[in-house]
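Next come two complexes, and both contain chain A; in the first it sits with chain B, in the second with chain C.
== the complex of A and B ==
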């Protein structure tokens, strides 16, 4: 039986391969990578750079969904983090905002740390709501999604906070070792998540909680701490994502920053083969899911298709991926339902 | 058995009572704080201004009771309005335009329901794809705002029944009609009972021989229909179609249902509660508008806080009655 199983990650890989194959045949120099201004340059590198904010978010979302939860507040947390970062760059003084373009040298450490701490606290709020108060994850994070957006707008007074800050701009625009820095940050989050889940029993606990919360509680897993951890990690990731985005566009638009990004992140997780019921997860699949979405968007842009068709194409691709992933399709194709083997621990 | 059920029902109506009390308190607060707040005009405007949200929330309530979710509603509203605008501009017959507009949302709902049921894909993702599709179609029809100048639409916004110094407008009447229809379907039809059964426990519903497949598909179809109606009503306000309209309305509709006492796990919810949930969100907006000192950003903060308050209230209330916990 084991020999006939197709790993779930095969389907998203197949979809990504198809899009890349399409580009290989129909888009000129899509795969060309040149060195420009001392860093790598090309469509593929652009995909890596642009996918970073969603990737950071989606990796953390994978763990949340693996516990059977969901975090729809990440878009708002991103906006709060970005707004705080811009405020710190401005030294908390929005009075002279009209003179966009002037330099203000806030210390780098405070620009990075204050938003991240705030995001971690917001994540902890979600975690406490879900684990200790016992709210359903959707509702708990819906509260923060709604209130958080308002909070971000209150912080910035509804203005778009533009700034110039050479050091901070590196976070979203810089290149290190020839690679876009945001992508390296995303890699860092993946490594961090993988280290926590595989070097400690956390990965096993996350699957246990997602599989059956009360059973894992009875078998001695501190389910509350596990849930608290995944939401804090998700808040942290959303905050980091907000820093990348704010730095990239050198400004924070509290009303629209990260709007609907939570949905993209969740979509990437599910396309990547992590079931929404929880109990299993596949971070590699999530990465591929994010890359599918971004490659699709970039393809549409480079092919010169009017941008208004982006969402239509996205909808069609999502439906196709969902259908080829579904059990019904496997039955039709005469394959037995393969059980996904999770990297961390397949014991459960 | 029957006595126990009776006891549960009376107890189960408590969230609705709590919602109603909060509504009254908010209304009284507005009335004591601001002159002219308790006039028929303000109340009728409350109905008019929240008609789109309320009508959408009726469909959403059914979906949530069945244990699902529908993220496509905001996009369907904006695209329905866009279809009306574009087809009217092209000089097509009104009846034809309205039929096409209503058919679009309903058909999309039907297709989403079919996909959720047939391929067993999560409603969250399927309706997200539906949202992409509807928004995408709206953008393809026009990226800018398309005005509606047909006299049918410009006149419709002035139709209404005068009550005191206010006016029961067309949108308000549509809202009340849809609430009535929703209430009737949920409480007085076999389909309504099936929705509750499916949401309560799908496995049991299948074993009981209930038409689960038809019920679930019908629920999403109905939600699509409700958002299409809401989108049509939306054209009366804006007299235009715009691809970016009604952004984030799906979350407001979910909030309406949840504030109204509907459980996200499915199996419980009331249409009347959803109406109250919608009106409470509207009251928050009205009070902030009357106040004039708070910025509009407080609306979201207050709505979030209100949501939190309600959920905690429900939690306290459910605590001690039943400890049966369902996983989402």
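== the complex of A and C ==
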């Protein structure tokens, strides 16, 4: 019986399938993909492109949650990264508006690297707070969540910092092999995370720390370094998302960018079947989780559901998905399936 | 350490004495001491509020008042404490840009008992109207209605409109929608075919517009955005879709921030209705009227302008927010 149990990822996939099926039946040309300006174009491509920032963060969040932790600072780290990026584009000069017409082009590498290094440092700060100082992950990352957004707004002076930079604009708006570049970046992060956790013992360590931290400590796992790693990876991912979002709107909107995105990332992880108590993780499930959320959002926008109901519709779908993939429900479904098989057997 | 303190005190003494010399000169010039105004700002994180504060500071200097400025940093408790301290100092008038609409009753009553007039800037409080002189702020319904009239004039009353709403539940979003719908409902040729929230920000505005374009594409004649930022996001989405914002699809918004004017200069935004933060002059007018014992209407509408693409280039240099 155990061997025949349906894999955990099947339920989120089923939910995603249902939403897509709904669109197949009720939304005209939702599945239409055409080629425009040499790249693929359509609602499905939009979903890939719009899901990229959350996807990047959620993959890293999966590892954090697998250690029994949580990182609620990612939205603010994203805002800081984006703000730094647009400052670098302008060579640190926020008074650009007064010198309209002057075009300063910072080297591409610095626009990418400086924000990423800053994000990694912020991630390390979270990691140190959790592993060495021993703060509760929620509290440790709450510090940066609140202070970080203020810092981002200080950096940009409370304005949306606009810029034009052909090279940097590619990060969030470009297409490669016909696909949105941000989505390829997200795939890159998935590959990177999978490589680190599969090719090194890190994946095992993460599960061990999440399962029982002191036991893994006694069995020789350097739990502090493992925790430090997951928060640094999360910081890096948030920084990368920040680059994508800033590049997309060619401006750093410090007050709004990434606001509440940590919640979407956490939700995606949970929908994907990674338990909040840690010890196990399912990156594939997280990817499906992000796609569910984004497909739902795009569906709502395309169908023109009145704004008042948008959040309600979203909440209902999420609750249903969580219920069908909960342990209790799986038990019930498993039993019923068992019974059905017995019945089927007797009929033959 | 002790020496440092001594040096500090001496510097302080010097500064004070210098101040009193200049101060003496001033009192001779004016018949009586300059009036002191307390200004409590709820926070200064957005460019809009920052411009509001600058406007108050500038106008206080113009009229020769001493301004006591306090930034409550998004905390109502701080703000109430600031107003209390203004009352304790015995200021001549208070300007208050409230953080929220509730909870200011007791402190406003204290000000009234102390005989200090209070003028509310940009947000009204849910208290009895005799507790403050007046509320100075924009009429969001009017703003929406004016955009409606602009669309009516530009499209001769025949348009498929998509609307990017502000954050659900926020007063500006509700009222800007209601004002616009007044015009739409009176003109059967104008139809709002899709309406969604873009949360007053650029990223969301762009994402929503992308989906709208997928759903309706060339059927869309007009975009009405509840603020400039969402309009700018929508403009990017329209360009990436391969259409020309400002020509193929007409774009209208509210606020009048500098980026909005830039979009008009670039030929992407057709017109905008202003929601000005420059409330300083009207605020001091109201206080002066209160000192003279004149009655002031309980809602003084801020002086908002309507700007079109053609005029933007000449005006953008003078924009203060």
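Just so we're on the same page, the second predicted complex is superposed on the first by the 322 of 348 C-alpha atoms of A that agree within 3 Å, B and C clash if a C-alpha of one lies under 4 Å from a C-alpha of the other, contacts with A are read in each partner's own complex, and residues count from 1 in each chain.
In the analysis below, a residue touches a chain if its C-beta (ideal position, glycine included) is under 8 Å from a C-beta of that chain, and two chains touch if they have at least 3 such contacts.
None of these values were measured; they are calculated from a predicted model.
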item: Three-chain arrangement built on chain A, chain B and chain C clash or fit; value: clash
item: First, second, both or neither for A:133, with chain B first and chain C second; value: first
item: Touching partner for A:251 - first (chain B), second (chain C), both, neither; value: second
item: Chain B versus chain C as contact partner of A:26, first or second or both or neither; value: neither
item: Which of chain B and chain C A:37 touches, first, second, both or neither; value: second
item: Partner with the higher number of touched chain A residues, chain C or chain B; value: B
item: First, second, both or neither for A:160, with chain B first and chain C second; value: second
item: Which superposed partner A:329 touches (first chain B, second chain C, both, neither); value: first
item: Partner chain(s) touched by A:298 [first = chain B, second = chain C, both, neither]; value: second
item: Clash-bearing segment of chain C relative to chain B, given 7-15, 169-177, 205-213 or 295-303; value: 169-177
item: Set intersection of chain A contacts, chain C complex versus chain B complex; value: 150, 153, 157-158, 307-308, 310-311
item: For the chain B and chain A complex, residues of the former touching the latter; value: 69, 71, 115, 118-122, 124-126, 128-133, 135-137, 139-140, 143, 247-248, 251, 254-255, 258, 264-265, 295, 297-305, 307-308, 311-312, 315, 325, 327-328
item: Of chain C, residues touching chain A in the complex; value: 44-47, 50, 165, 168, 193-197, 199-204, 206-208, 210-212, 214-215, 229, 232-233, 236, 240, 242, 258-259, 262
item: Complex contacts: residues of chain A adjacent to chain C; value: 27, 29, 36-37, 42-43, 46, 50, 97, 150, 153, 157-160, 162, 173, 245, 248-251, 253, 255-257, 297-298, 300-304, 306-308, 310-311
item: In the complex, chain A residues that touch chain B; value: 68-70, 133-140, 142-151, 153-154, 157-158, 213-214, 259, 263, 266-267, 270, 276-278, 307-316, 318-319, 322-323, 326-329
